[in-house]
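Look for subunit A in each of the two complexes below; its partner is subunit B in the first and subunit C in the second.
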Partner chain A sequence: MASRSVETEPSTQAEDDYNAMLSTTDVELLKRAWRNEKAAPEILPFQSDLIARVREQIELMEETVEEKSTLGTDPLSVSLYQMDLDRTLFLLRSYLRIRILKIEKYMFHIQKTDELWNRLSKDEKFFTERCSDDLKKHLEESVLSKLPENYQSRERQSIISEEDDMRLDIFKFDLPELKSICNRVPEPRLDTFVLCRSKDYLTGIQLGDGPVDDRSKLFEMEAGVLYFICYKSIKPLVESGKIELL
Partner chain B sequence: MYGRKACQLVKEFASGEKDQLTPFNNDLFDQVISECSQHHHELQSLIRKMQEEGLDVQTARNADHYGALIHLFSIVRNKRCLTAYVYNRTETIRNLLWKIGPVIPKEIEEKLNHWEEEYFKKHSAALRDYMSKALVDLTVDMVPPKDPYIQVRVLEDIREGIVLSDNKNPNFARHSMHFLKRTDAEKYISRGLMEELAG
Partner chain C sequence: MAGQSNHELSLFSAEELEFIAEDEIIDIVPNLKMDPLCLVSGDFGPFTPQIVTQVPLWLAIALRRRGKCSIVPPQWMSVEKLTQVLEEERDSQEMSEHLPFHYVEISRLLFDHARDNIPDAYMLISPVKVRSLIEDIRDVRFHKVETDLEGFNGFTIAVKVISSMFLAVQWFVKVWNVAPM
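Moving on to the complex of A and B:
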């Protein structure tokens, strides 16, 4: 397969053209989207157009396989088509699966963050809502309903919302750190490190980590070179498609 | 000491192996719940006492005030521990769903409490619903395919519900070996009814 097509090895013009063509096929784009989704700690925008096209192609391929296998004249090419189909199907399934796993893990966070919420597909949104309702209900039934009365109603939200006064108002007490303890919802860690590569020469990347005096320096990326870098600092570039993750 | 039992509960989960479910600790869980009621009771009586003494509950800063605070914080903390315990278990349950599919084996069912079973069912329904809308089955193809066909050995007799994509009806007797489509075989492998032969 053409997974190495973007590397900068010395190659002829014809090969370059061929590689350029390969890297823009939908399967290749899906592969890139899948890699990015797999490596990114947070959920990325749903590639709705791409997925719709890939689905169409999968249908076409299925028809071809069907047709050829009923003819039964060329079993070898049937199995090659089948293999190609299986691989594309795997990419599609894995892509959707990774997203669902992320949703399962961070549902409350995604639900309350508009930016992330808008990245989901319609079906995913529906799934997220259903999931979080089920989980809320489960927590309510198994924990919250058993607690003394005053601690149920408001506190029920303590895992999902910011406003949890925990009846501190009786005492006119303001303990921000206590409130924050009670309001943690699982969030993706954006400060993890990822392997990435850029197609073009990029400059002016602000690194948000490292020693304080280094922070003002801008980082540059050579084309085609692998970097191990904090996700947070390249987040916008991943979103705009300038950098791909591995 | 206040809050110790809740801490034990969380520790019990944390010290367990990842993705392994321990039986739901009903006993300890209920003890923490009753500890919360006890705190609540004492909190109420302290507030009542302050009111009887004619103090303004909101501004008075006497011993009773701080005593009441201790109880309040204990409840909040216990609650946090209980939710954490239940929440983290649901995470393990969700992961299980991916590994073993929507049917809970007996030995795992024993470890779940009533609500967790309900949750498992509901969540797997939600997942199924999503998959039927998205028109893809996400539970197969867990590893990238090398070859569309694999060699498998049947570990236990499979008599009913055999559905293969080529509509054939093979005899999956125990120890028999077959050459199947990977997507067909995967569901049996994940249920432990077949094993893939290396090679």
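Moving on to the complex of A and C:
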């Protein structure tokens, strides 16, 4: 690498290998998880193994930095180690914080949906429970207990509103805004549009809710190209890690 | 209840985009001797005076600020290359592949931190020229995405967006999600 002169065309092979090597670091994986979590409307499975590994590396690095600074190593290199550490810490904190924001927003929905509940880490589950207990208590004490009996549900506008929701379904109206007004439990909107990119060529992605055998609705995705697409149709591919969000 | 769709969560801020771009690898010429750095994000170095080495942009900027290296401007950041890209982009609806994904952020970071490193050869007329070329390319691309999305009826649902229209596309995503259909 050192012998390469500045003028030569970047040797793509070497660079590809180099990038491939970089992409396997846990920091790189954490960055991907962070971007996915940030871009996805719903909460994604907690990356427990990855987070455990990153935490371990951070602790090790903190010890190393500590050691280096007491040993009187070159202050420049100590400060560079510290910067690298700070960047990793930022990623980790930001990842955890986005998840907490989502939990705070959708806690009742997450609690009543097993699939989502199982995506939380132990600490997050504990947080969700405490948070929702506090909010329930607050809502009941401040407002709900003072309302007539029929309107005391935390989850519905009134006892008749569930019927209204069902009637909307019968007419096959897909009006998320209207539903979210009828339903007091906030839910993530899976029909949000997201930016995504696939590493490999993918085919047979189903767009919309049409029948599966409708060929015209199947969509293919080229590798490395950005697409603007409805989250719902690529949800399983995001979960399996085939597609990354941006 | 528009707030429920959570746009503020799903968009990257300019600072976060810059953070992401700071991990791009760039060539530097160190002027100090330093052992390899075994960082959490990877191993870099060793650093030997006058020997080109590759580091992430944030590391390059940190060394540059302390006067410990000069940054080799990427080849695409020359007036010549950018003019060529701009012409290509104006001629076709495709987006040129000669620019890195984060070209806007990378060039901004280099302008802010390593302006005096960008030699005249790269700045035949002036640094202002490079900057305005990058802005022009950005505008052309913005327009392309706009045209692409005009044909978007909300049911076809997927639009091919080549390369680094990050902020612009994000803006569209935001507008689209706020007022679908």
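Heads up, the rule we're going with is that the second predicted complex is superposed on the first by the 190 of 246 C-alpha atoms of A that agree within 3 Å, B and C clash if a C-alpha of one lies under 4 Å from a C-alpha of the other, contacts with A are read in each partner's own complex, and residues count from 1 in each chain.
What we mean here is this: a residue touches a chain if its C-beta (ideal position, glycine included) is under 8 Å from a C-beta of that chain, and two chains touch if they have at least 3 such contacts.
If you're wondering where the values come from, they're calculated on a predicted model, not measured in any experiment.
Looking at the shared chain after the overlay, A:Leu226 reaches subunit C, while subunit B stays out of its contact range.
When the two structures are aligned on the shared chain, A:Arg189 is found in touch with subunit C, with no touch to subunit B. Using the contact criterion defined above for the overlaid structures, shared-chain residue A:Leu147 touches subunit B, although it does not reach subunit C. Greater residue coverage of subunit A by touch, when subunit B is weighed against subunit C, goes to C. When the two complexes are overlaid on their common chain A, residue A:Tyr201 makes contact with neither subunit B nor subunit C. In the superposition on chain A, contact of A:Phe127 is made with subunit B only, not with subunit C. Legend: residue contacts after superposition of the two complexes on their common chain; A:Met83 is shown touching both subunit B and subunit C. Once the two complexes are laid over each other on the shared chain, residue contacts for A:Arg93 go to subunit B alone; subunit C is not touched. Shared-chain residue A:Lys105: touches subunit B and subunit C both.
Subunit A residues in contact with subunit B (one complex) as well as with subunit C (other complex) are 79, 83, 87, 90, 101, 105, 181. The touching residues of subunit C, counted against subunit A in their complex, run 1-2, 4-6, 9-10, 12, 19-20, 22-23, 25, 27, 29, 32, 34-35, 37, 39-42, 48, 51-54, 58-59, 62-63, 66, 68, 72, 75, 149, 152, 155-163, 165-166, 169-170, 172-173, 176-177, 180.
Contacts from subunit B toward subunit A in the complex involve residues 33, 36-37, 39-40, 47, 57-59, 65, 68-69, 72-73, 75-76, 79-80, 82-83, 86-87, 90-91, 94, 98, 113, 115-116, 118-119, 122-123, 126-127, 129-130, 133-138, 140-141, 144-145, 147-148, 182-183.
Contact residues of subunit A toward subunit C in the complex are 1-2, 4-6, 10, 15, 18-19, 21-22, 25-28, 31, 35, 38-41, 54, 57-58, 61, 74, 76-77, 79-81, 83-85, 87-88, 90, 98, 101-102, 105, 177, 180-181, 186-189, 191-195, 205, 207-208, 219, 221-222, 225-230, 233, 246.
Interface residues of subunit A, counted against subunit B in their complex, comprise 55, 79, 82-83, 86-87, 89-90, 92-94, 96-97, 100-101, 104-105, 123-124, 126-127, 130-131, 134-135, 138-139, 141-144, 146-148, 150-151, 155, 158-159, 166-168, 170-173, 178, 181-182.
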